[in-house]
Amino acid sequence: MPVSEIGPSSSPEPDAALEDLDLELLVEALLFVASGPISPGDMREATGADEAAIERALQNLKAHYVDRGIRIILHGDSYQMCSAPAASRSCRILLGMNSNQKLTQASLETLAIIAYNQPTTRAQIEHIRGVNSDSPLSLLAARGLISPVGRGDQLGRPNLYATTAGFLAYFGIESLDDLPEADLPGPSSDGYG
Amino acid sequence: MLGTWRTGTAASPLAEFNLELTSFDGPFDLLVHLIENQGFDITTLSLLAVTSQYVSYVETLQRKSAFAEATAEFLAVASQLLLLKSQAFLPSQTNDDEDISEAQSLADRLRVYSAYRKLAGELDEIQLSEMPLFPRLAVPTGIAPEIPKNWQDVSDLVFAIEAMLEQPEENGISVTLPFSRFSLKQRIDSVRDTIARVREVTFDVVASECGTRMEVVYTFLAIMYLVAQRGVSVRQSKAFGQITISIAEHQD
Amino acid sequence: MPVSEIGPSSSPEPDAALEDLDLELLVEALLFVASGPISPGDMREATGADEAAIERALQNLKAHYVDRGIRIILHGDSYQMCSAPAASRSCRILLGMNSNQKLTQASLETLAIIAYNQPTTRAQIEHIRGVNSDSPLSLLAARGLISPVGRGDQLGRPNLYATTAGFLAYFGIESLDDLPEADLPGPSSDGYG
């Protein structure tokens, strides 16, 4: 197996003895280059710094970006950079997106069921909605608001769906904790879950 | 407010309810609307109270054949409601508890649905005042990838597919898909014949003779098989676009 | 349907009478979300600010980012954000660009789906794999084996991915016709494909 001399080896030695400021720079760069949410574990692996130092760097960065054009949002235990809400109109124009593509009631119901019950299956969604939900599911997946995160144990090993970081971004919220409070009778326990 | 129903036309038999036919996302959406319209809470009693409105809606819906598939779901709930109602008027000597629990369970499901319907409304409001955040769309820049040549064997791709398709048996239950070799072979023959005849055809046309989704899947598998045999080639100019199947042009 | 008063209208008017600080925030967000270098003209169009103000914002931002994990670089007359050179090793590790490492099963699956169904979308890949595929997608893109080749017509205009010339080199084949025959589950008929 040819070994590249400049490339990182298969057991990379990350930059050692990092000062906090240097680590902040690395974490900032990692959040920037990642194309999705990344966890503190990913950052530890990439930088070699310990988790506590990474947490400090993340808190400093979050504070640094609080009133800038970039935000750091939290999805599960992972972090992602996004543009700030105040810039959404300009970004929309730059990216050539129009705002008329609002989600329909069917999609919003499906999304609400997933958001408050994740991960969940198509069968559970259809049991709650009482109607076939293929079409809103594929629409939500195509828009990147939900994605399958694994397969359930049930017969046929159905896809389990959860919301994505794109879901947070679409509604302009920074974490799932910012969702409206739900007063739910609770998922029925009749085997569809 | 979340309602998406539009005002009914004067000619509509449902004009008095201000309902338009295609505007309900399933039977529960309609039921909750009818119940809330009367100012009722969702209970077994209010279910019975709106049964006749519900049934007349579904009858009208049925007349529109284009919505046949959707009608099935509405019809199933209609028959459940009518059964509950008949039992309420003609109390049967037996199974009282079962009847009550059936009505109870429909009301329970409606309450759960209604809670999510309200949440959907709240999401809709956030959506309307949305100030969305945008993630980066760019592929990482500034770091040029080095791509080693001949680094991995291309058969690894096929192994990956095989591993992906290998479905572990869970709890000793093996899932049997309703494929039979016979019908898959039939499908392959039929697609091969069609293409030999017309030389080029779109997937939609080939799939149009399928009655069920499973048959569409069969058809797709048949085409994949023919592609693998290099009997046909498949073109799709864009994702979700039309798939065109034609006789393969062999390069000699 | 109620119309939000703060929501963006369908023909957005760029934010008027911007203070310099606000404009800096907008320009920062634009540089962040852009998929490539953007010109001051693009920024003017998206923000409605005049060119002189945009130049000031760019100079301030360049100065702000001079010792951070993100840099602003100039391509001709266009600007682009990229990660700081000091972070390139960490970024390489994060993105799995370690070229001495064979691709993981997740990456191979994703690559196989793209190779046999190109161009294809993230939603379709995830539908077939049954799991979120952000991370293998960004890794494959970072390694130069796939790249976005356009956007689909679906709602949300998702990226379409295809394999690159580097993909052929990596596997030592001369054209896509040299791919082995495979019984791959292709696009399904329920709206994902």
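Which chain is which? They are A, B and C, in the order written, and residues in each are numbered from 1.
By our rule, a contact is a pair of C-beta atoms (placed from the backbone, for glycine too) under 8 Å apart; a residue touches a chain by one contact, two chains touch by 3 or more.
These numbers were taken from a predicted model, which means no experiment stands behind them.
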Query = Counting only C-alpha atoms to place each centre, which chain is farthest from chain B?
reply = C
Ask   = Per-chain C-alpha centres versus the global one: which chain is nearest?
value = A
Query = With chain centres defined as C-alpha means, what is the inter-centre distance between chain A and chain B in Å?
reply = 26
Inquiry  = Suppose each chain is reduced to the average of its Cα coordinates; what separation in Å results between chain B and chain C?
reply    = 31
Request  = List the centre-to-centre spacing of chain A and chain C in whole Å, with centres computed as mean CA coordinates.
outcome  = 16
Task = Would you please write down the residue numbers of chain C that are in contact with two or more other chains?
result = 7-8, 29, 32-34, 83, 91-92, 95, 99-100, 121, 129, 138, 141, 152, 154, 190
Note = Residues of chain B that touch at least two other chains are 128, 130-131, 134-137, 139-140, 143, 146, 148
Ask   = Residues of chain A touching chain C in their complex?
value = 1-4, 7-10, 12, 14-15, 22, 24-38, 42-43, 45-47, 67-70, 81, 83-84, 86-95, 97-101, 134-135, 138-139, 141-144, 147-151, 157, 159, 162, 164
Ask   = Which of the residues in chain A come into contact with chain B in the complex?
value = 2, 4, 7, 32-33, 35-36, 71, 73, 80-86, 88, 91-92, 95, 99, 102-106, 108-109, 111-113, 115-116, 127-132, 153, 155-157, 165-166, 168-173, 180, 182-188
Key: chain B - residues contacting chain C, complex   = 1, 125, 128-131, 134-143, 145-161, 163-165, 207, 213, 216-217, 220, 224-225, 228, 236, 238-241, 243, 251
Query = Quick one: in the complex, what on chain B touches chain A?
reply = 2, 4, 25-29, 70, 73, 77, 108-109, 111-113, 115-117, 119-124, 126-128, 130-137, 139-140, 143, 146, 148, 167, 170-171, 173, 175
